[in-house]
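A short write-up of the structure that comes next.
Letters are used for the chains, namely A, B, C and D, taken in the order the chains are written, and counting of residues starts over at 1 for each.
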Amino acid sequence: MRAARLHNYNEQLRIDEVDIPRPKGEEVTVRVGAAGVCHSDIHFMSGQWKDTLPVKLPLTVGHETAGYVEEVGESVRGLAKGDVVAVFGGWGCGVCQACKGGDEQLCISPNWPGLSQCDGGYAEYLHVPTYRFLVRANGMDPEYLAPLTDAGLTPYRAIKKVRHLLNPNSFTLVFGVGGLGSYAIQYLKLTSSTRVVSVVRSKDKARLAKDMGSDYVINSSEEDLLSSIREITENQGIDVVLDIVSSRETLAAGISSLGKGGTVVLVGLMGDSFNLPVMSSVINEHHVLGSLWGNYNELSEVISLARARRLKTPISRFRLDEVGKALSSLEQGTIVGRAVLVP
Amino acid sequence: MRAARLHNYNEQLRIDEVDIPRPKGEEVTVRVGAAGVCHSDIHFMSGQWKDTLPVKLPLTVGHETAGYVEEVGESVRGLAKGDVVAVFGGWGCGVCQACKGGDEQLCISPNWPGLSQCDGGYAEYLHVPTYRFLVRANGMDPEYLAPLTDAGLTPYRAIKKVRHLLNPNSFTLVFGVGGLGSYAIQYLKLTSSTRVVSVVRSKDKARLAKDMGSDYVINSSEEDLLSSIREITENQGIDVVLDIVSSRETLAAGISSLGKGGTVVLVGLMGDSFNLPVMSSVINEHHVLGSLWGNYNELSEVISLARARRLKTPISRFRLDEVGKALSSLEQGTIVGRAVLVP
Amino acid sequence: MRAARLHNYNEQLRIDEVDIPRPKGEEVTVRVGAAGVCHSDIHFMSGQWKDTLPVKLPLTVGHETAGYVEEVGESVRGLAKGDVVAVFGGWGCGVCQACKGGDEQLCISPNWPGLSQCDGGYAEYLHVPTYRFLVRANGMDPEYLAPLTDAGLTPYRAIKKVRHLLNPNSFTLVFGVGGLGSYAIQYLKLTSSTRVVSVVRSKDKARLAKDMGSDYVINSSEEDLLSSIREITENQGIDVVLDIVSSRETLAAGISSLGKGGTVVLVGLMGDSFNLPVMSSVINEHHVLGSLWGNYNELSEVISLARARRLKTPISRFRLDEVGKALSSLEQGTIVGRAVLVP
Amino acid sequence: MRAARLHNYNEQLRIDEVDIPRPKGEEVTVRVGAAGVCHSDIHFMSGQWKDTLPVKLPLTVGHETAGYVEEVGESVRGLAKGDVVAVFGGWGCGVCQACKGGDEQLCISPNWPGLSQCDGGYAEYLHVPTYRFLVRANGMDPEYLAPLTDAGLTPYRAIKKVRHLLNPNSFTLVFGVGGLGSYAIQYLKLTSSTRVVSVVRSKDKARLAKDMGSDYVINSSEEDLLSSIREITENQGIDVVLDIVSSRETLAAGISSLGKGGTVVLVGLMGDSFNLPVMSSVINEHHVLGSLWGNYNELSEVISLARARRLKTPISRFRLDEVGKALSSLEQGTIVGRAVLVP
């Protein structure tokens, strides 16, 4: 089968011919229907994360996968050849405190496909170590499922973390209305009655934010962000900031925008670090919460929303051999919706 | 009556003769039995907070007060002359979202005694705007009660915020074993089964930390903090950091010490700001939580612990006219336990 | 002024001429714009609650009031004559643990208007003991505001209690699609992505449930309730039952309908008691939660939803002297929406 | 090997000679060091649960097991022959919502050893389907570990469920000071500062309750329970009832003892059902919570407490061929501490 593999950091992926994996025990071979292309792949391929997530190359990239069950090991239950499945990507050891607590994506020894020693989904077939990482979704299209496993899942978890703060009196600020942000706005409207304020830097993104349901849109290339927020919130300030960018600039602005008891959720990975003021954090009880990906049950909930046709998930299709083009378009910011590779 | 008042920032307090306040409606005049001397008073008197908490001088300092009901307004219920009372200091408006939610200390327009336009407890009598800010505590000694209203209350709330993280498998790191920290260690042992690791910089403080119940003590002037933590936690890392100092150094060390899912609670106010790394905050789901003082019910719980004789509360007594000495001793770090003025 | 007062249990209310109350201190006199007519009034007037909520008659009935500020005491802040206000009805002492924790409606010594020694809103004017029980809502119509203070508030709190259980995979069952139930269905759809199943006994109510946003409606006079639930949930069972009736029958059916980890919220007051099975409660971790009215902040949130025009609140108007007719129509179940008295 | 097996409901167990299980894949064979004898075994053997937990006989009984790793399948990680292990007994499917959420003991298709088709621990060896159900505990004695897996685990979870209600102002009532109750009292004191009131029916149990740390003990065969509670709580009522008996009588008394916002946790299984009053449940916001066994992380926490020598765990030893005697002693209430079979 063909697989797009990274041989050295900072190189293009190569389309290699490799063996189709054969499952045993609890393992499953999934025929890839679609593999989402993610900013994390770009970070990873650049070698930026080689200390945090060390791997031995070559490796097949891709952690956002959906497809069809091709073959199952002898201990697999509840799945048969041809079943449509979304692949939960936060593969963990199954026995550490995080895994046993239901947050496998926080495992102390993660084995994420395409980001660790396990090959990922930029290929014709994916080897999955246990059927317990698959969500059955017959009747759904893998092209729409694949982005749900990361772009769709990550903001869902971030929002669940602060759900107790979201009410008709609250304001939620969203930085970044791209792949993840589009889902974020939709979830906020579908699962709460908070008022959503989106921050964008272009007219196109402003339109997208409105289409997804944002109550207010601030184009920070045209308006002063903090004075617009003061006006919208009538000086109350923001209750929740979902920072899907997490650059030094967005984080500084986000923290400045908070009202009493306000919370910033870190989702994006653009910045290295940022500065948090002590006095105002204490006196206003500000909270800063990192949020990582999502767990299996959260993925199942996201898929239920999609199955009920309550989610808009615009995608741009590429063939597997167009992976280089997909990645460079993503880097240049010219992708509409989420890019998916369809092998 | 005599009152120790601030006439200008960066000046000594003056002992002035002023009128005894007379209560009406819900108001109460409290004869001060003891007034705690707090680092916040030093910050305040230096003018450091004049933008955050603007006031018109002169003002009687002191926000940690306990004493005896002297006179009550006509609408006061449940209190009579001579009753022992602790004064809850987080005076709020009573109608904003924070006040109505039970967290008056987070009021959007606070009127804290000794830190706002309201005179504080460094005096013979204190005017309290409503009996709803008093906790009745007959049979207890105001000298022991006064420090509970801030030094005793603040770490209690901080610990309540993270109580769900405290279990027999967890490690909690405490920076700062002075007035607040002594209470913090005791509460951790009294209200949870977490393992407590205290960080000190002297042999005296090490002994104090042990006496208060700390399971492990690290003297960071003699040992490398992070390698000691790795050893104690067997590389698991810290689950909760209670930073009662919040200097740039303690915060940097605290964040570096965290394990997966770890949380830092900011309690102290020493530093201006600190640097939070994005990637590790997200990938480990680290949380940073500001925590401010405590609310009325939390104060009531702290007083119940003291009433049951389950708290050690060492104090150093000063007369009202020794206020200058008390403040300079606090600044020099030579106070044993909490300093209280006894008018 | 005229006031509809109860002189003896089990008698009709009499329209009496009484003095207009005059406010002092924090008190406010509200000119009643509308007073909601509630099943609780019927329970109360029948003497059914005379042991639980003892009162001395005569008393002006009515605990669901909105109107205009007529006169304020000298300590009132933030309100002026003519302001539109909704009256939060869970008047508490302000100093017990429940009041201090933000749940004044759970006060250990409640003083609810129209249900305790305090006169209620079936009158031209209402005496309110503190402006802290008023929610300012200029620009809104008292006729729509009044029902929000109980019929609109009660299901809102009940739903907040179980919000962590409401997700796209969950099913919520609502018994009772009258005054409170219409709000309940709307809140479930506005603040969560749960799937709502309403249980009704007539075609009219089935249509209403659909209009309010119910995903499924079961007419239990035509279908077998439990088998319909099994079919809708694909044998998964119900996650949350909101029982706005709480008769012996609805509670038995609600408990039988629960899946693993399911929760029943008791809101209604129709039944005396019901039978809870031990083994299945333990083995399935079923929860049964009583929920009472709502607190001030919850009322404020409900009013924000209404202000944003996101709530349908059908009402039926009656004059004050038609109070007897309004009450008997309510008892006979012929009211459309919520009955309000407009003095 | 020898195994004590149930051939027919309501019969004595027979000591049969059966094959030693051989593990493959993730499976582990554990040499039994000790197997706890539990009231649930008596319920189970009587056929009382044959509809709730249907099984095909004969079956080896026993769901409270600890011992030594004897042999491991080829996919087992982190365990070697001779390791001491406690067996988590809530074996689940690993893929349903409860399992994925970390509560395997709530699995929708449970496979509990000794209570389902899987053989239990009343034998020389136990077959465990995956090493993910084992907690490594080298250095500890299986005789003390075994009771922790159910008697020690069940009250721990029950208390975690209500931990937010436990504070120095609260009162917690414990019904049943036998195997589970002894742990319950200890956990309440070790993990909270609530005041513990134990209800017993004999002088011996009264002494035991005191030894375990109970602040108050009521001997309900000598005192009137409700008036004693009123006196102890100064009419405030009980905040949390842990009912480890759950008979009709204890539940009725427990509910009557509750103060505002009080909660009953159902742990025991003695009664069939009980009556819950509607009006007082609503008006006081009473909660009734079923609590089942515990999950893997909770077991790990309990074992940490024991490892730190903070738990008293009295046991009575029996040989495997004395199983009949152990069961009848348990039924007659003459066991001191927890009975364990030592093969």
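One rule holds in what follows: a contact is a pair of C-beta atoms (placed from the backbone, for glycine too) under 8 Å apart; a residue touches a chain by one contact, two chains touch by 3 or more.
Quick caveat, the model's predicted, so the values are computed rather than measured.
Chemist: Contact counts by the stated rule: is the higher one at A-C or C-D?
Modeler: Output for the comparison: C-D.
Chemist: Going by residue numbers, if over half of the contact pairs line up, that's a repeat, so tell me which of A-D, A-B or B-D repeats B-C.
Modeler: Overlap exceeds half of the contact pairs only for A-D.
Chemist: Please report how many Å separate the Cα centroid of subunit C from that of subunit D, as a whole number.
Modeler: 41
Chemist: Can you list the subunit D residues in contact with two or more other chains?
Modeler: Within subunit D, residues 97, 169, 300 contact more than one other chain.
Chemist: Help me check something: in the complex, which residues belonging to subunit D touch subunit B?
Modeler: Its residues touching subunit B are 163-164, 167-169, 190-193, 300-302, 304-305, 308, 310.
Chemist: Over in the complex, which subunit B residues touch subunit C? Could you list them?
Modeler: 25-26, 75, 77-78, 93-95, 97, 100-102, 131-132, 295-297, 300
Chemist: Where on subunit B does subunit A make contact in their complex?
Modeler: Interface residues on the subunit B side: 49, 52, 97-98, 106, 108, 169, 246, 251, 260-261, 266-292.
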